[in-house]
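Each chain carries a letter (A, B, C and D) given by its place in the written order, and its residues are counted from 1.
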Amino acid sequence: ADMRIGLVVKAQGIGFFEAAYKGAQEASAEIEDNIEIIYTGPVTPTAEGQIEIINSLISQKVDAIVVSANDPDALVPILKRAQQRGIKVVSFDSGVATAGRQIHLNPSSNELIGRMNIELAATSLEAAKSEKGDIAILSASPTATNQNIWIGEMEKALPEFPQLTLVATVYGDDLADKSYRETQGLVKTYPNLKVIVAPTTVGILAAAQAITDMKKTGEVFVTGLGLPSELAGHVESGAVNSFAIWNPIDLGYAATHIAYNLIQDTASETEVEMGRMGVAQLDAEGNAAMSSPFVYDISNVAEFAKIF
Amino acid sequence: MKQLLKNREAQLALVILSLLAMIGAIIPDFLAISNLLGVYTDTSILIILALGQMLVIITRCIDLSIAANVALTGMVVATINSLYPDFPVPVIILIGAGFGTLLGMLNGWLVWKMKIPSIVVTLGTMAIFRGAVFLISKGAWINAHQMSATFLEIPRYVFLGLPILGWCSVIVIAAMYYFTRHRQLGRKIYAAGNSPTAAYYIGVDVGKKQFIAFTISGLLAGIASYLWISRYAVAYVDIANGFEMLVIASCVIGGVSIAGGTGTVIGCVLGALFLGIINNALPVIGISPFWQMAISGSVIILAVIANSRSERKVGRIILRKAVQNAS
Amino acid sequence: MSEVTPIFSLLNISKHFPGVKALDKVQLDLYPGEVTALVGENGAGKSTLVKVMTGIYQPTEGELYLDGKPVNIATPEDAHHNGITAIHQETVLFDELSVMENIFAGHYLQLPSGRLDWKQMEQETIRILSEIEAPLAPKKLLKELSIGQRHMVAIARALSFDARVVILDEPTAALSHREIEEFYAIVYRLQKKGCAILFISHKFDEIYSIADRFTVFRDGCYIGEGKIAEVEEKELVSMMVGRSIDTAFPKTEVDIGDCIIEVKDFCHPTEFDAINFKLHQGEILGFYGLVGAGRTEVMQSLFGVSNNASGQIIVNNKELAIKSPSDAIKAGIVYVPEERQAQGTVLEFPIYQNISLPQLDKLNPKGFLNTATEYSLADKYAKRLKVKAPNWNEKVENLSGGNQQKVVIGKWLATEPKIIILDEPTKGIDIGSKAAVHEFMSELTEQGLAVIMVSSELPEIMGMADRIIVMREGLMVNEFERAQFSAEQLVSAATGMTGELQ
Amino acid sequence: MEKINNSSFETKDIEKKSLPSWVFSWESFLLATTVLVFFINCLASPYFLDPWSLSDATFNFSEKAIIALPLALVIIVRDIDISVASIIALSSTAMGFTAEVTDSLFLICSAGMIVGTLCGALNGLLITRLNIPAIVVTIGTMSLFRGITYILLGDQALKNYPESFSFFGQGYVAPFIGFEFASFLVIAVLFYILLQKTNFGRRTYAIGNNPTAAYYSGINVAKHKLIIFIMVGFFCSIAAIMLTSRLGSTRPTIALGWELNIITMVVLGGVSILGGSGTIVGVVIAVFLMGLVNSGLGLINVPGIVMSIIIGAMLICVIALPGVFQRLRNKVGN
């Protein structure tokens, strides 16, 4: 049968989502039914922009919507309407509140991501040859769901790492210039700052650039979640010691499979099949986790930079 | 001394000094020369754009598309560099300056020849320029690793303690100062904005002066675009989004009257520095980032209230005793 | 006339504006070393011709000759290059620029590098200003100067050109007596240098004291020319107006009634001081003075337009605080402004909407427009004033100046005021409309209204007023009863030849 | 001279009789464009002519359109207000906090309306009392108002709205007619009456055409402008109620960047940025035109930014056209 799935991302042009789109296409090619993927997203990462797009997808009577939300709550009413019109809704990466979707696919468990970021910070601290040091978090916009959850998880994991002191959380709004300036501010304000954790691909890049420009490489390290292709240079220059990311291609791929299964009504209350990514377990609220993030450093970044 | 205090630039400079003193009282390190130079460098792009905007505002126009021009020209520059990494960077910079100028000329031409109010023109071109960035880039970002090392290095190269980026703005300030004070064309731009009728009577083509102001604003935006892209090492659709408001605010704080005809290079630079210092200092003094916007908003409002007080129309002076008092 | 050849001559010049022929095949010759006076009533087209000569307007048809050779003056710059300079009637200067720059704007002095030579300009400014005995600081901003000083800057500007043809469009209007003497000396020097001078003025004493020749325009047409020495004032006047002037003022004798408004010690920080007068029912009180004497400011303060004046305004024995025009209108005071188009009318509105504008609330108490009542109100007053228009739906911008003025007056009469202030009511309107306005003023006094008339035209004010207050530099300098009116006394009071009123 | 005047009147009359003037009016030109876009949409997407699709599309512009109406008045009196989106944010925040403590729709909405109106009043007071150009004042208050929401909310969202609150942004008053859209239509009619049929409207045009003459005619220009700015603030809060209800939550970024969209609607509707002219009918048609272009392009999944190119180009062309025609006519005339 012919099917159409709308893939709504936070904003156009972000490398991470472009890769996820690749994964979605891979899935659609693999599935026997003819699936058309409509890849779309607003230009600026706003909820209002996504709502307009979802509105038009509803009008086009797509079969499923796969969305990474700019705001977990603001999208709920419109996605509820989509569901009322018989459209399946899956959120991935950055989730929508339970009422707005059937399944949310976390790239990994949030707890794991939070902990991993702190572990990365600890590794970077070693690289800075310090016993103890301050760390700061550079987030995306204050409304980004996943960011806030991960920051919460990081704070939970922190007590296990007494050598790290969290001194500040700042917001770069996923804008390169704002993130850059915030990084400068952090470095100037906290002389003992050793690590900046940026669990956002835009933020980590801008922060690494700012550290390089301030000639602080080797003193302050940037880590967090980023794409190998974008960070390869900074790993080589030493602004970034190591960082992590899950494979966005896999993420898009898995989300598409989940959407397909929902359309086919082949997902149960407790588990859903994700093609080559195996079977995901669903918790009571419909959350699924894909796999654990993968850590990149000087030893492997060049190799993966060619892929995503 | 009294005369000096009447001068708006002197007042603003005084405000900036006391602002610095206040910040210094909390964070003494902020006043370190190296840090101040850093703040200056960080404000350089704002200064360059504000000077372009100032010329436009002097001719009674406004350029809302200035940030979109930066984004579009920046994307062109970055695309050339990423596709042809061996292409000499100075040529790329020239192309950027030229391209920005063309965009400015387009605005100016629509204002001059089509007689459309500048706010409408630039509201339209703002959307068009940004859309064009999307069309060129197909929405994709161009990241640091796609740019050549020289491309990224030039503005960062430190010369006499100040990066080239900072020097660029120094040169632009000097050039604009010379242009607005010592060139015929510059003075005619003031005349055209101060009184279009009188300017017409002395043979100044007001529309053409507006065209020239937009052209220069475009040129400066073109230069700023390269600086922006290489500084932040990334090019994407949303670059400098909303920056036009900051640019206009710098002019307004610097005493450039929206009604046209007045405003000086020094005032405008001070206005930009004022915002630059605030933006740099807030994170440093540990004021929550959530306060930044409200503080800049209040500062803008206070500045225009102060300006409006000092600018209050003197009215005509007919009485002899009033003439004597005034002089 | 054939022994000297003109430097600059204009032939068959016409200039048409939409709906107006401002100039219709006029001619003019200017001779080296001679002053030619151009005379004509308001609106005769004198200033329009000046603009044609200086490249501001392009003539609809006609030729210009410089030294006998045809020239094309397409822009003000062309005029500069051809050595033609003008002091325009409206002071066209830049408020925010310095005195020195106002003088040199458009023809800056440059160093060979193209850099402006401010030093040289400053020296030149000092030189020119001292020549005309106006010691102003070159770097002072124009907005800090008084009206008279601004005129001196305009004169200095004209002198800063190395010009062969100097055009002076009513340059003395705002000058004091002493400054006028100084001005004569300047003209004399220019004449000695061999400049051809065009002098436009409404003051015959000036014309007779400095002009050699004259040219007369009437309603945009060339009427005649000749040598000043060979013509009498009466002849000139009849050429100008095309009729004898004594019949022009239809003043009717009205019994002067009770005092309706009294103004006591009316002061303004910068514009006027110690204004005191009383006005009675049925009376026309004239305010005379030079342009810039501050009469308009007094009237505007009285009407509440600018509210930083102090003093007492007593209307019908009650002291009023007038803070805005709407207060004044409520008190029965209305003001027909001097700047008809800028302040008097909404040009884009039809006639009837202009007339109903001040009293919309009275006409439509519920807040909803009722076009029929508005239209009938407009009909009543527009008919009474004989406004010439196809109907009252016509936009005011399509009317001639005189008819626009009638609309403004009609608008105010419709509010049934007690006191009407007319500021230069006949400035720039044609003869027919002028007479209608004068007749109407008489009619108003008969109905018991009190009229204040500000006018710079001597015949008009002497013809219409019952009493004249003369103002100079923001002060009342003299007051004359109708029986005492004499042109000499009025002029000398206005220009400061007599002592001030104690 | 009188003769010339009279004859020019006659020719004008003939012109007027030969073709009714509304044929050449801005509104009919816009209407024709709108109809054209409607048909293009029908051809471009099979999903367009579907009652749900049309109905859903109205939600995308109704809130903005409600602000465009009073903003038209602001622009007619030669001012501008670019703080509108920030007023929405602040007003929405006020509602969010009220909703934390009460479930009363009346209290929640009143809180929003009071804050919105106060914001408008602040703008109006700064502009009229201190005589500062509106564009400068509202650039400042744009940051100030939104800045306050950032201070109050930080990274938090307010989402404790009662279930019934969702009606304003998601409810329907009749089949396919959303509450938002219906409100827009009603408010548009009210503004049409206000601007075209009342003393207030007449004064608005008078001020826009010649503020000095209006003042000299006894109109309290400052008070009039103040009222208009207060109206803008009030209707921003109405839009804020709808948007908040539609989103079900309040964030500091709510309605970010809307101001230029709304100004574009007004200008496209034929309201001259120089003041004095423009009608509500024009603005309403422009709203529909922009709505149609957006929904049509949305249905064929053209990215939003390409739409903005089209809207931007349309804005310039459409404003330039009358002038170009005028010049062509003059050339032919000569």
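The rule is simple: a residue touches a chain if its C-beta (ideal position, glycine included) is under 8 Å from a C-beta of that chain, and two chains touch if they have at least 3 such contacts.
These figures come from a predicted structure and were not determined experimentally.
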Inset, instruction - Taking CA centroids for every chain, report which one is farthest away from subunit C. - result: A
Legend entry - Centre-to-centre distance between subunit C and subunit A (centres being mean Cα positions), rounded to whole Å: 74
Inset, instruction - Could you put a whole-Å number on the gap between the CA centroids of subunit C and subunit D? - result: 44
Inset, instruction - Give, as an integer number of Å, the spacing between the C-alpha centres of subunit D and subunit B. - result: 30
Inset, instruction - Find every residue in subunit B that makes contact with two or more other chains and list them. - result: 130, 134, 139, 237, 290
Inset, instruction - Could you list which residues of subunit A touch at least two other chains? - result: 12, 43-44, 142, 171
Inset, instruction - Mark out which residues of subunit D touch at least two other chains, giving numbers and ranges. - result: 154, 252, 257, 303, 305, 308
Inset, instruction - Chain pairs that touch, all of them, please. - result: A-B, A-D, B-C, B-D, C-D
Inset, instruction - Name, in rising order, each residue of subunit C that touches subunit B in their complex. - result: 54-56, 75-77, 79-80, 88, 92-97, 101, 105-106, 108, 110, 114-116, 118, 140, 143-147, 149, 268-273, 292-294, 297, 306, 473-475
Legend entry - Residues of subunit D defined as touching subunit C within the complex: 1-2, 4-6, 8-9, 12-13, 197-203, 205-206, 209-210, 212-220, 276-277
Inset, instruction - Using the touch rule from the top, collect the residues of subunit C that touch subunit D in their complex. - result: 18-21, 219-220, 303, 305, 324-326, 328-329, 335, 337, 342-349, 353, 357-358, 360-361, 364, 367-369, 388-390, 394, 398-400, 411, 430, 432
Legend entry - Of subunit A, residues touching subunit B in the complex: 11-15, 18, 43-44, 142, 170-171, 175-177, 180-182, 184-186, 188-189, 205-206, 209, 213, 229-234, 305
Inset, instruction - Show which residues of subunit B lie in contact with subunit C when the two form their complex. - result: 178, 181-184, 187-188, 190-191, 194-195, 197-204, 261-262, 314-323, 326-327
